[in-house]
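Structures for review follow.
There are two complexes below, and they share chain A, which is joined by chain B in the first and by chain C in the second.
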Partner chain A sequence: MSGQEFLKALPWVALLIAAVFVPFVAGPYWLSMATTMAMFVVLATSWALFSGPTHYISLATAAFFGVGTFVTGLGFQTLPFWMLPLIAAGLGGILAALVGMVTLRLSGVYFVIFTLGLAELVRQVVTWVQNQTGQRGMYVLTSITERDIYWMLLGLAALVYLAGWLIGRSKLGFALRIIGNDETVARHVGIDTALAKVALFTIPGMAAAAVGAMLAPRYIYIEPSTAFAPLLSFQVVIMALLGGTGRLWGPLAGVIPFTLLWEFITRQAPNQTLLLLGVVFLLIVYVLPGGFVGLWARIRRRFHQGGGA
Partner chain B sequence: MFILITGLLLGGTYALIALGLNLQYGVARIMNLANGELLVAGGFAAFWAYTAAQVSPVAALVLVAPIAFVLNWLIYRIMLQPLVSRAKSRGALEVDSILATFGMSFALVGIMTALFGGGYFNYAYLAQPVDIFGSSYGQNRLVAFVLAAIIGLGLWLWLSYTRAGLRLRALAVNPSSARLVGIDTRAASALAFGLGGAVTAVGGALISMFFTLDASVGILFTMKALIIVIMGGVGDIRGTIVAAMILGICETAVARLIDPGLTLAAAYVLFLGVLLFRPQGLFGKKPT
Partner chain C sequence: MSRTVLQVQGVTKRFGGLVAVRDMSFDVTEHQVMGIIGPNGSGKSTMINMISGLFAPSEGSIRLNGADLAGLPAHKTARLGVGRTFQLVRLLPELSVVENVVAGAVFGHRRTWGRTAELHARQLLDRVGLGGAIGLPVSSLTYIDTKRVELARALAGDPAVLLLDEWLAGLNPTELATGIDLVRSLRDEGRTIILVEHVMDAIRSLCDRCVVMSSGAKIAQGTPAEVLSDPGVIRAYLGEDEDA
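Then we have the complex of A and B:
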């Protein structure tokens, strides 16, 4: 790391350290809020790592997340807790690779459609298996507190940022930027486009499954319809796009305001959350293409032009 | 035999819904993910007409179709055309239209929940049994199938033998060439989008005769319609109808023989097969 890069990274490291101390100052309400935000930061940032450069909209987050919660639900009594997110990440990565191998050779529409139903598909299968074995939901009673969950998620977030930063500097990141700009060109210069996309898609898969495994103790009771709630996938997409996928910090800029807004609407008008989701989707498409990152770039450009003239 | 006939009856309505989506995606090039919500809205309209005004759902179609057409035409003109004009490539348009129609879909669910509440709704119309080959089926299913078949046939004849239909088919094959032979692609796209919406809403009204709907169930129908369109091939009417029948039979078989909770899983197995072996659609040719 050169000196200049170190200086650039410094504010982010400082932010991370500040985030570590949140549980000591925040009350239960804000701690719970911070945990939710940390969760969405991991989900949205890892989502953007794949969908940002490739422009493939993945709606599979809920499926990976659900798989993760079930890993904890099934394993927390027999295995040490620290192993569960690792196992979940492994399974999430395998699931993502399988889905990617089937759909990522084809155009983006097939991918969206397939991932759209993936959570529902896994939920139906899990429910069916449970019915066959006569099991219903599961209780996850652990000694893990909200604080522990928050710190685990924060650590995961740091890992995701690190991964994103490393990918950005690597050959894979370069290849993906070319694919995103023009897939035909990418193929002509000898990039195995399908392989690169599948490899990258495993990252959100692993991250979301690990998040699910970490958050399972928070739910206490797990059943398929809550673990695989498809709404989660859409929340992640919207937060990432609201922030913008062009930069690593983009999703973070989307998560914070949207989580607060969502919380506000849920309390004031619980029936209108879907309408809110719809309106924000439309807002992003028509008013804010590129999200806050795009807006920031436009403002800076205007400022620079104004300053130069 | 029971499975086969029930599946075919169900497939008939699916075919109509998928034809609507195929018009919107195959001709107007808009991947409309709000399609299922439109279907539910059509179902709501039929429900409302029947319970509040004692109008039979069949008669309600006469109103549902034109309203849905105008509404969709306006949606295309006002909301989607700007996206089409600003898109640099087909891929960019796809991403934009997917996000925009997702937005519309959520907004519609929100509005419908506010208007009608979150509960399930159904009504009893022609709920008497009718015997075919020794098993009994609901009359309403039969009526829905016959109507779907008539509308589907009408649509096919219109597309095949009229000048306006020819224009839409030309647009489906190649938009830029269509412009070269003097087709107003914007008007034709809007027409196709409106028409597709009308067909879908009518399908929803038909489905509501024998299916319990609620405000948030639309996405499930969107999924099924998408799977049918991809299985049948984009822009291929014959393929769409065959695919819809296959899906109808498959779902019914799985629901009857294994578990009613696995219908989407059944649809997905089909989808997976198509993606792996025939991504160009059942009757599609491999791109050269």
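Then we have the complex of A and C:
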């Protein structure tokens, strides 16, 4: 790492350290809010690592997340808790690789539909298995506190950022930028585009499954219909696009305002949350293409032109 | 005798009922510039696309230094040593000019990365005459400069055979002269090239040998002087009314 890169990374490291101390100053309400934000930061940032460069919209977050919660549900009594997110990440990665191998040859539209269907498919399988074994939902009673969950998620977020930073400097990252620009050219310069996409798709898969495993104790009682709720997938897409996928910090810039707004609306008018989702979506399409990242780039360009033109 | 680099044998391509290329065979030897000429829609690009792996042939074999390319995906043919430009120029608009060329040097036939790849790309940009425009965004390049970038990208992987699909098309007379000189300099440095071209001057001055295609089939082959005086070839170019 060069001196200049170190200086650039410094504010982010400072921010991370500050975030570590949140549970010492925040009350239960704000701690819970911070946990939700940390969760969405991991989900949206890892989502954008794949969807940003490839332009494939994945709605599979809920599927991976649900798998993660069930890993904890099934394993928390027999295994040490720290192992559960690791197992979940492994399963999430394998599931993502399988799904990627089947679907990433398809064009974008089919990919969206398939990933949306995936959460439903996994949910039906889990429900079926539960019916066979005569179970319904399950209780996840642990000594894990909200603070613990928050810190775990924060650690995971740091890992996701590190992965994103490393990929950005790697051949894989360069290959993905080429794929995002012109897939035909990508193949003709020697890039195995299918392999690159599958490899990258495992990252949101692993991250979302690990998040599910970490958050399961928060729900206390888990059942398929809540663990695999498709709403989560849509929230993640909207937040990532609102922030912008062009930069690593983009999704963070979307998660913070969106989570606050969502919370506000849930309290004021609980039935209007879907409306918020729709309004923000229109906002992105018509006013903020490229999200806050795109807006920031435009402002900087203006500034560099000295306000002229 | 020169060594055969590329060997096309009995290659046919069907698109549904349409036979775009019919039973094509030809060899390209090392350091040779082979021209593929023929009227519009005669199957030249389809032939190139099968060599580069964009399409799989319906029948036949394509061998590059002994390895069968037929049906291999483009990333594999690229790694085996096929480099190409496209009839309609394809650049990577969000990447810088240098990155566009580096793209050709990282994953293909000869691979480098980092500083080395960037230096290599800069040398190639100089080589194709684009040293001055290096800092410009891709969107503000002139037409011939976009062609230069694409050529540099194809050269960056040091291909065993370079496919140029109408690389000289659309240039004005001055640019054309520059373009012909550039391709000639590639030829002088010993590159093996397949050149799809409509510009007769370019064919005469650049090609060692030509194959002529009409309605997907080979109707003549030989030196440019031979094929361009062949009555069958003249008929194919003048009257598009022949069938079969």
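Things to note:
Here, the second predicted complex is superposed on the first by the 306 of 309 C-alpha atoms of A that agree within 3 Å, B and C clash if a C-alpha of one lies under 4 Å from a C-alpha of the other, contacts with A are read in each partner's own complex, and residues count from 1 in each chain.
What we mean here is this: a residue touches a chain if its C-beta (ideal position, glycine included) is under 8 Å from a C-beta of that chain, and two chains touch if they have at least 3 such contacts.
Remember, it's a predicted structure, so these values are computed and weren't measured experimentally.
In the superposition on chain A, no contact is made by A:R218 with either chain B or chain C.
Judged by the touch definition given at the top, the superposed model places A:L106 against chain B, while chain C stays out of reach. By the touch criterion stated above, A:R147 is placed in contact with neither chain B nor chain C.
Of the two partner chains, chain C is the only one touched by A:A175; chain B is not.
In the superposition on chain A, contact of A:E120 is made with chain B only, not with chain C. Within the complex formed with chain A, the chain C residues making contact are 52-54, 73-75, 78-79, 84, 86, 90-95, 99, 102-104, 106-109, 113, 153, 157.
Residue ranges on chain A touching chain C, taken from their complex, read 171, 174-175, 177-178, 180-182, 184-193. Residues of chain A that touch chain B in their complex: 55, 57, 102-103, 106-110, 112-114, 116-117, 120-121, 124-125, 127-128, 131, 230, 234, 241, 271-286, 289. Interface residues of chain B facing chain A in the complex, by the touch rule stated above, are 31, 82-83, 91-92, 94-96, 98-100, 102-111, 113-114, 118, 216, 219-220, 223, 226-227, 230, 258-259, 261-265, 267-268, 271-272, 275-276, 279.
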